[in-house]
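Each chain gets a letter, A, B, C and D, in the order it is written, and its residues are counted from 1.
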Amino acid sequence: MTDPVPEQANAGDPPLLEARDIVKRFTGVLALDRVTLSLRPGEVHALVGENGAGKSTLIKVITGVHRPDEGEVRLAGRTAGFADPLDAQRAGVQAVHQEIGLVPDLSVARNLLLGREPRRALGLIDTRRMHQTAARTLESYGVRVDVRLPLRSLGVGAQQMVALARAVSVDARVVIMDEPTSSLEPREVETLFGVIDRLRGQGIAVIYVSHRLDELYRICDGVTVLRDGRVVHQGALADLDRLRLVSLMLGRDVAQVRSEGVTRFSGAHEASGRPVLEASGLTSRHLLDDVSLTIRPREVVGLGGLLGAGRTETAKAIAGVLPLDAGGVTVAGLPVRRGSATAAVRAGIALLPEDRKAEGIVPTLSVRDNIALAALPRLARAGVVSDARIDRIVETFMKRLRIKATGPHQPVAELSGGNQQKVLLARWLATEPKVLLLDEPTRGIDVGAKAEVQALVDELAEAGLAVLLISSDLEELVEGSDRVVVLRGGAVVGELTGDELTEEGVMTTIAAHTRENAG
Amino acid sequence: MTTEQATADTPVTQDAYAPSRRDRTFGLIQRHGATAVLVLLLLVGSLSFARFPTGENLGDIAITSSFPAMVALGMTFVIITGGIDLSVGSVFALGGVLAAYAVRWGTVAGLLVPLAVCGVVGLVQGLLIARVRLAPFIVTLAGLLGARGLLLSISHEGATTYLIPHGTVLARLGQGHLFGLGYPVYLTLVLFVIGGVVLQRTGFGQAVYAIGGAEDAAALMGVPVARTKVVVYVLSGMLAGLSGALNAARLSSGVTILGTGMELDVIAAVVIGGTLLTGGAGSVSGTIAGVLLLGVIQNLINQIGDLSSSYQQVVSGAFLAVVVVAQTYLSRARRL
Amino acid sequence: AKSEKDQQTGGGGAQAGQVVQTPTGSAPSCTIDKFGAAKFDPKSSVIGFSQSEKEANPFRIAETASIKAEAKQEGIANLRTTNGQSQFSKQISDVQQLIAQGAKALVIAPLNSDGWEPVLQQASAKHIPIITIDRKINATACKDYVTFIGSDFYEQGRRAADQMIKALGGKGKVAILLGASGNNVTTERTGGFKDEIAKKAPGIQITFEQTGDFAREKGQQVTEQMIQSHPDVNAIYAENDEMALGAVTALKGAGKKAGDIKIVSVDGTRNAVSQIVSGWIYAVVESNPRFGPLAFQTLSKFLNGEPIPDKVIISDREYDSSNAKQSVASAY
Amino acid sequence: MSDTAVALPRPAGARTLAWLQNYGVYAAIAALIVVNIVITPHFISTENLRTQLVQVAPVVIVSLGMALVIGTEGVDLSVGSVMALATALIPLYLGYGVGAAILVALVGGVAVGLVNGSLVAFVNVQPIVATLCLFVGGRGLALVIAGGRLKDVHDTTLLDLGSSSLVGIPLPVVVAAVLTVLVAGVVRRTTFGRQLVAIGGNRTASVLSGLPVRRVLLLVYVLSGLLAAVAGVLATARLQASDPSSLGLLMELSAITAVVVGGTPLTGGRVRVLGTVAGALLIQLVRATLIKHNLPDSVAQMVQAVIILAAVYAARGGTGR
């Protein structure tokens, strides 16, 4: 392994990493079109663009996952051309990929240390030391778990932290982070920024991909804006203001972007009537403790809390997929059969899961079939589906959500993350639900699409839906919700409405209870 | 490590994340469900049949199970990577025929030739699976046919059975006893211990699990996916060949009709042992329990005595169902 | 070419029992003392019978039934039977288990001739007499086992060839439906047939040989393919009756008439013999499965101290148009 | 930017490549037919065509059910035993008429499917071991029912099912064709069909989407059992005998191979009905070619291995692991 570059970076240094005229085609898609990018030691470089712009693809080319069709990758002035990720890692190029890229069934410790486990005599793995090292490392990232548990038992956010810790804790010269914060809490984000600052100090170059613009401005030096696989802007981030950046990404002019504001929530809807959703006393051992909440039509209720607070579990419990020890759910006054997702869907409950890949998309199916999936019974007569009706609904939603695909028959696995998210949203909207449970709905979605999704949530609420919004993006949570219920350790610890409903308010509620119970 | 100092002011989480005792017991049973069922079955067998718990009978079960066990060891590795090896039955038979054929050049040849040839069979399969990216099921199905074809051509369409002469070291290896147990039993135990250590305590073992758990992620984490897969199939081929060779030594001859249908028994044993066919999870201790379970079931059916062959099959299928259901219930993972 | 002697050996009734061929190998010489076993009373002892294949074809059904019936008749209360289900490893462990269960004598229908080493070792350590039926074990008689009772498969092949030569008048093209690959029976029935044809009828060519796995369906399918690729074949030698019957179905399906293609097979099942009557099959060489009487008779002789020959070859009958009609009832 | 879904164009070259990957099995069949026309005497004849189609019909029917099961990321090892069970049941009930006998045989298949399906859907047993139980026990049961014996079948109506033709097409082939169309229709046009591939593609997502996962799984195994029973009935009619000891032996391997060669990945989430039929045809052609050329078993097995690999290689990309 190579040693990290020790000295501080300065402008005169040669580029540490360079991508030159990279072209990458997939069957039918030109994902990268002569993309050039160069990084100096100690530079934190933002890579931004709409969903499907080619960010992840560029990263995969740099780390040897994909072979470029044209162009070359150079490391410290020499042609690198990594054959595979292992090759890249040996040369000191580490990446945290967008879809986490860990092995869910392996234990946390093994995931963290895979390939560099502490050894004993005979080269055998020293399990005890491995667990200690892992626990210690993770604790420094604010994650305290039993590292012997399989990774899958952690929430997405904690998994993300494990992936980060893994990438950063080896000798690296370049660290690439593809949307590392998409499911992190403010607190974890701070931890992460601390880490990045340290990397910068050690002369390590960082490529940082995120759809959260304020993060970019806080830590990035340079920026590359991609649109449809082409570089549309490159330079220092400080030279670009936010509006200009967004307009570059979206390819729209500044004036138009300005008129659209930060979040697209209008807050125009007014909750009314009897609650559609009433969840009472939801209890599941170790996970949920007597959680009750109600949502009225035209109301957006936010769920706040730290990672592992039980927000996802609450949503899953309502959707009938989490085995419950006690408690129940009614929709429009009618009880929903417990532990049956089918019954919940039929009652009008829709859950947009947080883990898109594992719980959302069906990768073998087309965009069309993915969209139609949950609504099939409605689109069929006597069990025979009507292609015409499906086509109509699919077309409607592909337009309405502006899903970027070669067509309805493109395999959904080929779409960019953001577009996959839109497909899932379309799947649920097609069922015409009464209650919409959104678990991190804008996770990994670009600014344009994010605004669209937010507007859509607004619009849906206005149209009479009851919405439960789970988001790690506090701004989104506060702006989007009429009311925020705060969870901790699987129990409700507070509720904020009206004037209390501010980012600070939510933070204090969480923090108060955390401190209170920490001892 | 480049991260030294931590931002560890207040930890985000509480001790709720430490597993409860219940969870840990649960995990223990989950990992050893097959063993639990095996113990149960041994108890039932001992109580029901006086002739069952004798040293001689148990010794018979041990030696009879040792050959499929070796094969199952290789299969465990294969299945944990998310693959499957249907060729093992044919390769097992091929190993035996080769050993009997090659023993004319000495015991070493009698062991090395089958190991080498069967290893090559595994290598070819592994390359086709890992490099050419063909489906393991199909590749090893072709291997099943190919290895059987090879065996038939060596033995003149099965007309010639090569013998392993009495008194050769090879024959003694297969037939010798120590404390009432055949040598192959000890060898099997040693192989399983090594297999367990390799799987749990080496980088290779970690790679095997990682590939089965999420192949793409494993590749992203820098696991040498293709190489590991190739090695796993070579291992499976060699273990099947070794098992066949030792079995031939025990039988003193390279019997040509062995091994048909063996692949399903072995796969069943591995899966009953708690290894997931989808890959990523499993253990060699489970596998040995699985193999013994099948052996004990067979033995118990014979203890019953006078069943016609058809009833034997029915009973054996029913037994299997009970065992499989029991094992599944015991090791049921919590979903979602 | 019949060397039949009317020495009925028990069983009797309408069903034809086995007939010992004369001369029966070398002179009887194996005694219980020479073998080294101790005397015991079979009626009160555990006797083990290990069958090789499922009782799912007429031969195995008749064989097992005959053993069981005879044991009952002899008053043997403790007959333990196992079935190897066509898996050789299983049969080996079956027999070991019989030994562990205290069997005093073993009757074995081996699935394979080789590979009996562990069983023979265990048995000889306990001086358990073994009688193998229908297939030989490749080992030393009167040392590793007492004796073998059964047909001579090679001879069956030769006799089938003789029938074939008669059917074709010494000239023509023959297809062989082989038994399962790697099986001793297949090997010997093929060897005997081919050797005899080569020796006696150079005018007969064997132009096609494919395995039918001893099963009717496979025999039918292979024959269907053969009819089209080798339309000039005049005769079929099927290594068991089931494949012959499959061939008959195939020929019927292809619009052939009875006797267009001569079929000779081995086994002597009732179905096959009745097809001789209807003209579809030319001749069948019998392989008599009723081993019970002969096996237990041999065992009791042995236990009485009488000398036993190292092999008891039974004389199988032949069925053709001359005797098929009267014999259908006595076929198995 | 307009308000339409953004359509990205796909070049023609990519389409050809994708076609070849998806339809390699058809290319392999075509190649094999050409080779046979050149090297095999009497290959092009209606009799030969008939023989191949009639022989492959039961395999096709079983493979259809297998394709559905594999689509859900499962596998059904018990199909051969179901055929044995069906064939064993027929002679018992022929006395009540052909219809009754066939009905009972089919019910037998459904019963096996229910057991398999329950184990998989409700007990969560891995499909390969769940169906292994009846793979072992089913044939035993068939033999018990049949008293271990092969029985000749003389009922002319039943025999007609195996040997008569409809406008020149043998009846078993007609049945297989009709069932193919039906199954293709189920996969393409019904809720059930869409749901089963979704379950195979991502079971968790299917649960979360509210699909009746268990019901669908149960039904899939029932269909597989039913189709195997149909194949058992046809095979009985053609063999003119009920032979539970050997009917359908190794059928599970043939069927799985047909399905996989036809482009359905064992990892589930996709079902190729026509590909499956083509896969069965390909295997049939390979076997026929080897038999017709009278190759010894050793060579035949090795050649078969190579051809299967070649076919899958050609269809690579369509198959998963």
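Following the convention adopted for this analysis, a residue touches a chain if its C-beta (ideal position, glycine included) is under 8 Å from a C-beta of that chain, and two chains touch if they have at least 3 such contacts.
These numbers were taken from a predicted model, which means no experiment stands behind them.
**Q** For the pairs B-D and A-D, output the one whose chains share more C-beta pairs in contact.
**A** B-D
**Q** Provide the C-alpha centroid distance between chain B and chain D, rounded to the nearest whole angstrom.
**A** Distance between chain centres, rounded to whole Å: 29 Å.
**Q** How many angstrom between the C-alpha centroids of chain D and chain A?
**A** Going by mean C-alpha positions, chain A sits 42 Å from chain D.
**Q** As a quick test, compute the distance in whole Å between the mean CA positions of chain A and chain C.
**A** So the centroids are 72 Å from each other.
**Q** Roughly how far is chain C from chain D, centre to centre by C-alpha average, rounded to an integer in Å?
**A** Computed from C-alpha means, the inter-chain centre distance equals 36 Å.
**Q** Using the touch rule from the top of the page, what residues of chain A touch 2 or more other chains?
**A** 321
**Q** Tell me, which residues of chain C touch at least two other chains?
**A** In chain C, the residues touching two or more other chains are 54-56, 181.
**Q** Which positions in chain D are in touch with at least two other chains?
**A** 143, 148, 204, 207, 265, 296-298
**Q** Kindly provide every pair of chains that touch.
**A** Listed in label order, the chain pairs in contact are A-B, A-D, B-C, B-D, C-D.
**Q** Name, in rising order, each residue of chain D that touches chain C in their complex.
**A** 40-42, 45, 47-48, 51, 55, 143, 148-150, 152, 163, 235, 238-241, 243-247, 249, 288, 291-294, 296-298
**Q** Spell out the part of chain A that touches chain D in their complex, as residue ranges.
**A** Touch list, chain A to chain D: 27-29, 250-252, 319, 321, 341-342, 344-346, 351, 353, 358-365, 369, 372-374, 376-377, 380, 383-385, 387, 395, 398-399, 402-407, 427.
**Q** For chain B, which residues count as touching chain C in their complex?
**A** 51, 54, 56-57, 60, 63-64, 67, 151-152, 155, 157-159, 161, 163, 171, 175, 247, 250-253, 255-258, 260-261, 298-299, 302-303, 305-306, 308-310, 312-313
**Q** In their shared complex, at which residues does chain C touch chain D?
**A** Result: residues 54-58, 61, 178, 181, 207-211, 213, 215-218, 220-222, 224-226, 228-231, 242, 245-246, 249, 253-254, 271 of chain C touch chain D.
**Q** Tell me, which parts of chain B touch chain D in their complex?
**A** It comes out as residues 82-83, 128-129, 132-139, 141-146, 148-153, 157, 264, 267-268, 271-272, 276-278, 308-318, 320-321, 324-325, 328-329, 332, 336.
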